[in-house]
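Paired with chain B in one complex and with chain C in the other, chain A is shared by the two complexes that follow.
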Partner chain A sequence: MASIEFVKVSKYFDRQPVIQDLDLKIEDGTFTVLVGPSGCGKTTLLRMIAGIDPQTSGTVLIDGKDVTRIAPGKRGVAMVFQNYAIYPTMSVRENIEFGLVNNKVPKAERTRLVETIGETVGLADYLDRKPSTLSGGQRQRVALARAMVKNPSVFLMDEPLSNLDAKLRVQMRIELIELHKKLGTTFVYVTHDQVEAMSMADTIVLMNKGVIQQEAPPEVVYRKPSNLFAAQFIGVPPMNIAPLGEDRSTFGFRPENAVLAAEPGSFHFSAKGEIATREMLGSETIYQVKTGDGRSFMVKCPDDIFHVDQEVYLGVPADKLFFFGADGNRIEERDARYLDFLERLRGQSHG
Partner chain B sequence: MKTLEWKSIGQALSIVLKAAVLILFIFPFLWMISTSLQTLRETMAFPPTWIPASPQWGNFVEAMNAGPFLTYFKNSVVVTGSIIILQFLVMIPAAYAFAKYKFPGKTVLFGMILLAFMIPGQVTFIPVYLMMAEWGLVKTLLPQIIPFVSNAFGIFLLRQYFMQIPEEIIEAARLDNASEFNIMRKIMIPMSGPALATIALFSFVSHWNDYFWPLVMTDSAAVRPLTLGIAMLRETEGISNWHIIMAGNVMLVVPILLVYLFCSKHIVKAFVYSGIK
Partner chain C sequence: MDKKRIWEGFRPYVLIAPAMAGIFLFVMYPVGYLIYLSLFKYNLLNKDKSRFVGLDNFTQILGRGDFYKALWNTTIYTAGVVVLTMLLSLLFAVWLNKKGRFNSIVQAGIFTPHVVSIVSISLVWLWLMEPNQGLLNYVLKLVGLPPSDWLQSSKTALMSIIIVSVWQAIGYYTLIIVAALQSISPSIYEAAALDNASKFKVFYKITLPMISPQLFFILIIMTIGSFKVFDTVQVMTGGGPNNATTTLVYYIYGFRTTNIGYASATGVLLMAVIGLLTFVYFRLLAKKVHYQ
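Up next, the complex of A and B:
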């Protein structure tokens, strides 16, 4: 069990800054997901915690202790890599045991631990097999077992599910949530997949270009995104954004909050348009609506009642609208400008 | 129909060519073995004798008794074995550092190793001999061992091989609290079996067969290797005892064939990268 803290941390690669003066606190026992597009610095942060690619300046604290000068193997952290990084010449047992051998755990204790963990991850029958004879999912479990057996205070995971097929990924997601619940250890999980972030995290740390965009529980990131980036990164399809007036300020709404109808309705924002594309996904249908003035909005509907080229009226209630200032930050309801923006939008409504 | 004919002609041609190459390579060996079992008269006969009338196994005994054969053999084993062991001790850490570490002067140092790789022994043997003589080592086996402790070709080949091993595996080992020594011993070496076997074989063949270097560096039978001992069989009589020389040569070549039989599978692997998953 341990908390992790970054204090004024910077990282340069060949004099190129990747992260500058970053502060972040990851609470003890939480499942924290670092999410963002590739190159945003999320893996860099993870590797700093592990110590395999230390920060250029600043301090990383694990459980309040500065670990800058502590070797990766002595930090009490375990990591699961994207490509699993299993030792190919060792058997499953030797793979799981390797860390224990290096930590001079007695043989009897080692055997007991390996067999217990093997049982937990469902590899008991495979302990003497070579990794090359295992499937992708089983290799993933070897990597997990190898991390778990050391009983670390922090679990680091670098896109551990991205090499699995879609079905197995969903299953492993649930297993990881259960594992976290059972162990109660601090989990730090890196992914570029916002669905993984939303489904597993206690706290999402959303990053872009080395800067933290928002740090909040999933529902807060979804309902109250702090800026345009957060609004468009989380949610499928992403939030619809359209300009609002001359000053580069914008408004937006989520595809699932818009209502489509054949007749005009009485919504705060409404627009007349035509269905350009239709994606029928089973439980829901996603329409792309193109308005007369060339704007295009995605709308997610539970019913599949419209067809392509049909004329429709799109409406969004006032409480489902988001406004963003010229700087890209979201304007909150209590902000003085909020009502002004709401009024401006009413003036733009057509149909 | 026509293409089929051409195809079979092509196949026949390919078999003939392969057979020709095979004979070209295997003929000297067969000739050597045949001669080693002939009498002196048979070796001189014309047309040449292909299969000896009665195999003269005694030729081998004679070759062994012509000089301190066991000493020569022991010297060859000690020199070649020591070179290979010492080369591995130097080569593995060097290749690991060049493949996986960042340090100032890395490029220059690696360039120097490649340069050393290109300088032939004939250029350096006089200064090396003088140095060894000054240190009083000429009466020992060391002048045949020390100059070869660092194997530039081996460092180069092994570095290329190490570079293909994913970084994450080494990082995972560091997180598993493995020392750098254990990373080399338990991860890098087992994963580089084919490359190590190849380097060991090349090194074994070139030092087991080496003639020039020991000729320069030795001045007594006590430190001479098998190659020199067998060459000396020629000088024992006025006429060349080809049957005895060839018996000696067979004994020189057998260890190489044995080692090759064990290593050949790995050698193909080292050059045809099959991917590490």
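Up next, the complex of A and C:
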């Protein structure tokens, strides 16, 4: 078990800054998900913790200890790679055992550990097979077993589920949550998939262009996004955003919080529009509504009662509206500008 | 409809026919004819005076010391060239695989000997190895080492030829190994680093097995190639001094006009030796080679 801390960490690739003066603390025992679009620096952060791509400047602390000069194999961390990075020339057993052999664990102990872990991840019957004979999901388990067997204080995972098919991914997600609960160690998980982040994380660290946008539990990121980027990154479909007046400030609402009706209702924000597209997903239906002034909003409805080209009234209650200042940051309810913005929006409403 | 079906059946054979014709004409027929010739006391001037002698040529070969001498020389030469070239190429390749400023230049430079004709190379080395005026002895003296007789002593002649062959071959095989090394995913090395593997262990347990198919290929290609060595011997020593560098093919070449049947029989034996070696390689090593 260990906490991880970045202090004024910068990373340059060929003199190009990827991360500059970043501070971050990952609490001991949490499941932290680093999420963001590709190229945002999340994998870079992970690799710094592992020590396979050390920071250019600044300090990385594991359990309060500066690990800058400590080799990757001696940091007490284990990593699951996106492509699994299984040693193709070794059998499953040798793959799982390799780290133990290098750490001079006695043979009897090794065998016991490998068999136990093999049982845990469901690979007991495959221990003497070569990785090339395994399916994608089984390889994923080998990678996981290889990390688990070392009993690390920190688990690093670099998009471990991205090569699996959708069904298996959902199953592995649940297994990882259970694994974290069972082991209680610090998990740091990198993904670009906000669904993975929302479903697994204790804490989400949302990044963009090498800068942390928000660091909070999933429900907070969802309910109180700190800025436009966070608001639009989390949630499917992303939050609807539209301009509010001339000063580049904006307002937004989540597709699932808008109400569609055939008759005008009494909502704080309402607009008349036409249904442009309809995506029936089973439990819900996603409509794209185009308003008369050329804006389009996504609306997620539990029932499927409208059809394309139908005229509808879109309404959002006041407490489901978000406002963002000209700098892109969200304006909180207690902010003096909040009521002003609410008023401004009422003035805009039409239909 | 029927015609079409017949054509469907024939088409693959028609398509490979040109290639097969070449293989038959230039490989299968010569091999067959070689075996045929090896059973005759062949008269080049008058074919009618050729006489079928059965396995006489073979019994004669196996009873002669100079054949064993040539076989021994070839074996030493092959072992020397294969072992040295593989070790040095591997060493160079591992070094060149690191990204350095000079590495592309070195890589091009090391490959150059492969482009140059082996005859030119042999001639240049012949001068370099000249005991009295040659550069090599000059350098040896300069650093205070005793000079060598190089090609002019039966003790050092074979070694000298091995040096030239290795020098010529290294660049090409280094290139093959570099390509193999670069195909290994870096994340495997990163995983090994996280598994606390030492440098030696990484090389022995990961790098070597990963490039084993290429190494195995080089081993077989080089063994076959070295057993057939001729040009360096022909240009540099002519098999001398005192048959110290007579290799099998050079031995065969010696009988090219005087005794075709005998030369053919030696050729058949050479083929058998190479075939046997390749078979042994596959039996011993194929299990250790890892194919993706």
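Note that in this section the second predicted complex is superposed on the first by the 351 of 351 C-alpha atoms of A that agree within 3 Å, B and C clash if a C-alpha of one lies under 4 Å from a C-alpha of the other, contacts with A are read in each partner's own complex, and residues count from 1 in each chain.
Here, contacts are C-beta pairs under 8 Å (C-beta built on N, C-alpha and C of every residue); 3 or more make two chains touch, one makes a residue touch a chain.
Source: prediction; values computed, not measured.
Student: Evaluate whether chain B and chain C can sit on chain A together after superposition, giving fit or clash.
Tutor: Taken together on chain A, chain C would clash with chain B, as the superposition shows.
Student: Tell me the contact category for A:Val236 with respect to chain B and chain C: first, second, both or neither.
Tutor: neither
Student: So in the superposed three-chain picture, is A:Gly99 touching just chain B, just chain C, both, or none of them (first/second/both/neither)?
Tutor: Both partners, chain B and chain C.
Student: Is A:Ala50 contacted by the first partner chain B, the second partner chain C, both or neither?
Tutor: both
Student: Is A:Ala262 contacted by the first partner chain B, the second partner chain C, both or neither?
Tutor: It touches nothing on chain B or chain C.
Student: Which residues would you name on chain A as touching chain B in one complex and chain C in the other?
Tutor: 50, 52, 71-74, 77-79, 81-83, 85-90, 98-99, 102-103, 132, 146, 150
Student: Would you mind writing out the residues of chain A in touch with chain C in their complex?
Tutor: 50-52, 71-74, 77-79, 81-83, 85-90, 98-99, 102-103, 132, 146, 150
Student: Name, in rising order, each residue of chain C that touches chain A in their complex.
Tutor: Residues of chain C touching chain A: 185, 187-188, 190-198, 201, 205-206, 209-210, 212, 290, 292.
Student: Once bound in the complex, which stretches of chain B touch chain A?
Tutor: My answer: residues 166, 168-169, 171-179, 182, 186-187, 190-191, 276-277.
Student: Residues of chain A touching chain B in their complex?
Tutor: Listed in rising order, the residues are 50, 52, 71-74, 77-79, 81-83, 85-90, 98-99, 102-103, 132, 146, 150.
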